[in-house]
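A, B, C, D and E label the chains in the order they appear, each numbered from 1.
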Amino acid sequence: MSTAIMTERRRLALRPGAWLVWGAVVFFLLILAGVVGAVVVDSFGTRWFSGWLPSGWTSRWYGTTWREFDLGNVLVVTLEVALAVVVVSLVVGVPAAYALARRTFPGKRVLMVAFMLPILIPPITYGVPLATVLYKFHLAGKLSGVILANLVPAVPFVILVMTPFIEQIDPKIESAARMCGARTRVIFTRILGPLLIPGMLAAAVLILVRTVGMFELTFLTAGSDSQTLVVALYYSVSAAGIRAQQEIDAMAVIYTLFMLVLLVVALRFVNPTQLVTQIKERD
Amino acid sequence: GGGAKDLTPANVPDSPKNPVTLNIIDVAGNLQLTKGMIDEFVKSHPKVIKKVTYTNATAPELPGKIKAQQSAGQVQIGLVLTGTDALSAGIDQNLWVKTDDYASRLGNPNYQAPAQKMQELAEGHGVEVVYYPSGPLIEYNPKTVSKPPATAEELLAWAKAHPKKFQYARPANSGPGRTFLMGLPYILGDSNPKDPKAGWSKTWSYLQELTKYVDYYPSKTSETMSNLANGSADIIATTTGWDINPRALGQVPAGDKVAYLKGMHWVTDAQYAVVPRGVSADVLSADLQLIKWMLTPQQQAKAYDDGYFYPGPAVNGVTVQMAPQKSQQVIQQFGRPEYDQWIPKFPTETSLPAKEQVAAFDQWDRTVGSGKVKK
Amino acid sequence: MAAPATAGRIALRHRLADRGMDRTLLLLVPAVVFIVALFIYPFVYGLQLSFQPQPGSETVQRYGSGPFADYHAFFADSYLRNTIWTTLKLSLPAGLFNVIASVPIAYRMRGRFRGKRTITTILVVPITLGTVLTAEGLLAFMGPTGWLNRLLLDVGIVDHPVRFTHNYWGVLFSLIISGFPFAFLLTLSYLSGIDPTLERAAATMGAGWWQRFRFITLPLLAPGLAITFCLTFVLAFSVFPSAVMVGDPSGTTRVISIAAFHAAFEQYDYSMASAIAMIMGAVELIVVGLVLGWRATLYRGATGGKG
Amino acid sequence: MTGSKISELRLDHVSRGFGEVLALDGLDLTIEGGEFVALLGPSGCGKSTALNCLAGLLPLTNGSITLDGRRIDTLPPEQRGFGMVFQNYALFPHMSVRANIGFGLKMAKVAKADARRRVEEAVALVQLGDHAAKFPGQLSGGQQQRVAIARAIVMEPALVLMDEPLSNLDAKLRLEMRTEIKRIHQTLGLTTVYVTHDQEEALSLADRLVLLREGKVQQVGPPETVYTEPANRFVAGFMGYRNELELPVSPGSGTTAGDKTVVLGELTGTRREDLGETAVAAIRPEDFTVGDGPNAMEVDVEVVEFQGREQAVQARTAGGDELHLRVQARLAPGDRVTVSVPPERVLVFAADSPAAPEEVA
Amino acid sequence: MTGSKISELRLDHVSRGFGEVLALDGLDLTIEGGEFVALLGPSGCGKSTALNCLAGLLPLTNGSITLDGRRIDTLPPEQRGFGMVFQNYALFPHMSVRANIGFGLKMAKVAKADARRRVEEAVALVQLGDHAAKFPGQLSGGQQQRVAIARAIVMEPALVLMDEPLSNLDAKLRLEMRTEIKRIHQTLGLTTVYVTHDQEEALSLADRLVLLREGKVQQVGPPETVYTEPANRFVAGFMGYRNELELPVSPGSGTTAGDKTVVLGELTGTRREDLGETAVAAIRPEDFTVGDGPNAMEVDVEVVEFQGREQAVQARTAGGDELHLRVQARLAPGDRVTVSVPPERVLVFAADSPAAPEEVA
């Protein structure tokens, strides 16, 4: 055991590259701590004109924002929307990514472009007509509309992210499952699913972030009781009127905390690097 | 709005058949002033409105949302509280109910004279609910600025002597910023203060000169406020509301002072209640009753608020003493007695119509903000 | 009679399967239906809108009401035209930096060591910040009296506050803070699919860590990196809130989405906004197309990690 | 042939190309229920391709497959109900040994208790009791291969396809597993198609051998026939006739078609094909005996390799031809000895008969 | 031993554990430059682990490795300069056959032209000329294995580690590749450590055999010694002494330690260990001959398998023991025959000698 550890130590000591990388990481994290810290500290400060810290501490900004935007309700809606979008986009997107990763067929390029467009084209162009369609079918103005609208960029996003992951998997494994009598659905749930977990997790996290942060489509299709957090946040930042900076910061902190909780929960369940190959990664 | 079926006064009942649920969307921060009025109305008129929901949103995206609902024949927003921007965008795109058709039901609001002028901007498609004279004013830190500039020229000279210490926010994103922009033509005596393209030559050359000594243009008014507070700026542009409220909120030291520039005209501002076309007759009927209620002096007094839109009421005969206790306290502590002199003293001008405003912002972006001017 | 027909049909099926057309393609159906139902119509609507200049708008006054008037207006006006370049100048470096920086860090995170999970989580956390907190944080932290400038002043490195925000760098910082974790998460996951045995094999052939990385890991990772770059690039290209909040929205960071926003929500000239958005999409498509075209030339098969 | 679940599997002109090249070229084969067929052939001849086509994992380029009169070549693999041991195992990396083996049972919705019992039996069968909870990445090569075998046979499928299932096992275990496979085949009546590179395995297990060469069938027949009467020089070479001597046909020798005995130079052999002027005599190393006898010749011993009870000897004839011998007598390099081989063990093929893959220089 | 680049490689008590279990347990071995050492042992006994430790791919849990007096166990693999054929090939999926083979040369910065030539030679050597431009995913199992071999030997490293390099090749090609490996080993003086499950391969290639069992060395010695004088019952079983008869030692028989000849019941054999009251007689199937002779016994033939020139026969003695025979005589199930075996071919071990892995039921 001791030799093994020594080896590791020596290697670490030998490589300037490692130090460089860790140094950069630490630098990045320090900057990040500064950025986040400044906002968090301010959100708890009474007033902070200059100096290292605010002149006094309070938590009232959280109370006022919470009440002003009825955040309890908003958070629940946000959570519902985010989870629904993540689940549906994975369910729809992963099989499509599979077909695109495994097959080359005439017209594939055209299809790829069609899938790319919702990510490339800003919602400015299609948001209003999309909302119109959804209102027409009585889907908008409530949760379903927000979810459907957010799915438009989310599904292609999943397809794009998942394709390389699927390409990485040896098709022989699927063949073996088929030989065991597994149908396509089972192959997805029991074979590809577990193997794709890091990819799906990454995709899920990214979609979650995008959905929770997607202002335009959400705003256009939301009803009064289906607003999400970002609508409130954007309002507090950029709507006309005077708001205390601390209140905005408090809102931003709530937003981040909310996302953080979701992220940590996600990472608790699956570690993006925890994978089958790790078993091979002896030490 | 293709799908929106038009109502006529004849088929809108005086009072809704059934109490309605009213979805109110506020894109101007107006609820801070009017929520109390509305809540009281709902409480006292359960037969008209059984429930009210509030949504806050940013103004730019609002017309799109209403358009989508109208095209689908599914208008879910019952009432919109807005500033001049979305108001005029909606007028252009024919989104709003023509409230003038229902003038009889609204009674005759006893607007103050400058507020009456602001109401005209609505072109009959909305009802002004709050009003304030706005600015342009300058706010300064008395510790570093012993004698505030009194004229535009002095301001320029001061900026030159104290580079990076004068600040105003990008007009497109800031009330005080745009008020400063719209107020300058009056102060500088430009040929046509209502025509930014052709009539503002003095203003534009003044701003281009001034920009040499301006470090940068924040994208939010509150940032100019914090810069004033933390000492990285010593003079900033402001308005009455932006002077009182941030000091009340503790964003700016309470001791900071305001001044005006010689030749000052108030460039007034107001907020409106508008009704999207396509709402049901019941909702429209409830809206009309509500708006009428909001324009009564007792209710208008609530608009004093924390000085956010100081003074706030659009109608005559509303005094601070009628305002809620808390309001009175804040105004007492952070308000400025000089405003009571200044407000009647200077001429009032309506702010530019939205189209011209946008053109002015665009021009400002291109010629002042773009940094093309060598510093 | 029937037999040859059946046989022919089956042979056809074999031939189609040979060209990649078999039942697997049915898996595309939900996604295609979805896109067609919810996206294609609105997109086509927007597209045709961009060919119908808004009557009475400045475009029409200047360039007539031909279908390409809005495009003409965009390219004729250098203030608008330059937004393409401004945006590329931000998004390409941001995309490249995020991908390039995440590779060595992710590469370091292979294998097992104590605290790995924590470090991973911490590195991914900024993804949760959102544009608003990032922007507010940058303004507060890097502002003239923020902690950073305070530190620099106290240590004596500078004697006037340095302006980090409201310029190109402010926006770039925010693109990195929000884009890096994104790229890192993807890279890390793509990396986990590569069989470590391959690197070991290379080691026995005398390849040092750099060569192993250069010749084995990187090529196998490249298809994933291409996608990662495309996504971070696209996110950076459509940057809006931070370009306004921490940038210099009238000057050095007047990105194309500000122009589109201006057209759509200030001038309410939806056809111009659509035209700008289409131009945006086209520019992105060119970059993404180039990258994906390059990707198509790479090896994209199993990397052993999962099989 | 007890209770086979299928009665006839027909392959008609089954072909499969990769790009331009046909990896499998018109394979015609009828397999009866319960039969054990071994595919043999040099590396890259299309054995795995044939199995994959049968399994439905590769679409055919041509031809058809019928099972009991029903065309199955368009059925997806999971609906054919066959089992397969993959050459590279293709274990599910995220499942334990037990879960890998039990996967098929789960798919077939076998009752839990029953499935558990069958899995444990299979685990014991392949002697992995100690490793049943491990993941494939934690197993040795041979252990992985055994999981693959267990996974295929635990299902008792109508047809099992095995692609070199024993290649990574040691001799002892291989013998045991071979016996096991034979036993299972017989008791369950599983029809089996088996790819192997181990002649002995093929000979001892199979009812019928199929010899492939570059995707084309060379000979089909029971092991004894193929072994003793290879159809052409290629098959002979592949079945262990390692020595090939090209010699002129003696004039007047064996002209009549029925005449099996041929004289080539000094050798007398058995004719297997129509001959031209020169012919090739193929002889197995182990058919030589040291000492005088029929077809005696003197050779110089050059290399001697110990191979247990026997020795592998490389020797050179007076004519300069290299000979491989396998003898029990203890020889040493430099010895000059006389070796002989019975004429019925010398097979004579036409010189242009399809040759075995070239020997390396 | 011509011009080996190393002169001595010492493994001292090399151990490697996975979790609690020691996969390799105190391996002591000294390999001389130019030597060809074969590791043998049942599946999962730690052969690949040993190679991985030698290559530097697995850190040791214990022990040390020294090369010519220099400790190398802490050196990273790329600095050891060894070549390795992986059991699962580990080909680079994104490189063509040619690029795979040339990778090491590129790393060693061999001049382009030279490298190209050497790659082409190696490609020809493993007979992959037609497939040199293909990618690993397009190759058959055997072809992949050949790429792995070529990739390791093209570098002509000081030490080559080969993990079952021929397991997926057909008999003919295997013989050829075996000859090639031997030739390269001899001409280049490469020191080789070779893992194989093929006894014949080990016997014919190796200078020395190392027998492993559950990570522990059982016997080290030249092939002939290990083959004819296995150190214990396990080695005997592994080296083909398939038949094990547990019999009581006849009283008074072979009491003196020097006395090799032992009588067990009716059998006379050669003693290999100190014995208790009962002992085990180990006999190879091929050491039996049909007909009367020493140690004659009557057996009933039960199963007969065709195996080419010989037959594998399963028979039962009068005492009910199962016997495996390998004979040339044509027997049929049901025959009752007399078989005999020379006493020097009957090895007698103590009953508690480490046994070969259990046979399956």
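What we mean here is this: a contact is a pair of C-beta atoms (placed from the backbone, for glycine too) under 8 Å apart; a residue touches a chain by one contact, two chains touch by 3 or more.
Treat the numbers as computed from the prediction; the structure is a model and nothing was measured.
S.K.: Going only through chains that touch each other, how many steps at minimum separate chain A from chain D?
M.R.: 1
S.K.: Identify the chain pair joined by the greatest number of C-beta pairs in contact.
M.R.: By number of C-beta pairs in contact, the leading chain pair is A-C.
S.K.: Which chain's centre, taken as the mean of its Cα atoms, is farthest from the centre of chain D?
M.R.: Comparing chain centres, B lies farthest from chain D.
S.K.: Roughly how far is chain A from chain B, centre to centre by C-alpha average, rounded to an integer in Å?
M.R.: From the centre of chain A to the centre of chain B is 37 Å.
S.K.: Using CA atom averages as chain centres, what separation in Å is found between chain C and chain E?
M.R.: Between these chains, centre-to-centre, one finds 55 Å.
S.K.: Could you work out how far the Cα centre of chain B sits from that of chain D, in whole Å?
M.R.: The answer is 90 Å.
S.K.: Which chain C residues reach two or more other chains?
M.R.: 22-23, 145, 195, 197, 245, 261, 264, 301-304, 306-307
S.K.: Using the touch rule from the top of the page, what residues of chain B touch 2 or more other chains?
M.R.: Residues 61, 64, 173, 220, 226, 230-231 of chain B each touch two or more of the other chains.
S.K.: Going through chain D residue by residue, note those that touch at least 2 other chains and give them in order.
M.R.: 76, 88, 90, 93, 138
S.K.: Which positions of chain A touch chain B when the two form their complex?
M.R.: 46-47, 49-50, 69, 127-129, 131-136, 138, 140-141, 215-216, 219-221, 223-225, 227, 231-232, 234-245, 248
S.K.: Tell me, which parts of chain C touch chain A in their complex?
M.R.: Touching chain A from chain C are residues 19-25, 27-28, 30-32, 34-35, 38-43, 45-47, 49-50, 101, 104-105, 108-112, 116-117, 119-134, 136-138, 140-142, 145-148, 150, 173, 177, 180, 182, 185-186, 188-197, 209, 223-224, 227, 230-231, 234, 238, 241, 245, 257, 260-261, 264, 270, 273-274, 277-278, 280-281, 284-285, 288, 292, 300-307.
S.K.: Could you pull out which chain C residues touch chain D in their complex?
M.R.: So the residues of chain C in touch with chain D come to 6-7, 10-11, 13-14, 17-18, 22-23, 306-307.
S.K.: For a test of understanding, state which residues of chain D touch chain C in their complex under the given definition.
M.R.: Touching chain C from chain D are residues 59-62, 64, 71, 73-74, 76, 90, 93.
S.K.: Which residues of chain B touch chain A in the complex?
M.R.: 23, 25, 27-30, 32, 53-59, 61, 64-65, 67-69, 71-74, 76, 83, 173, 175, 220-222, 225-226, 229-231, 241-242, 245-246, 249-251, 253, 308
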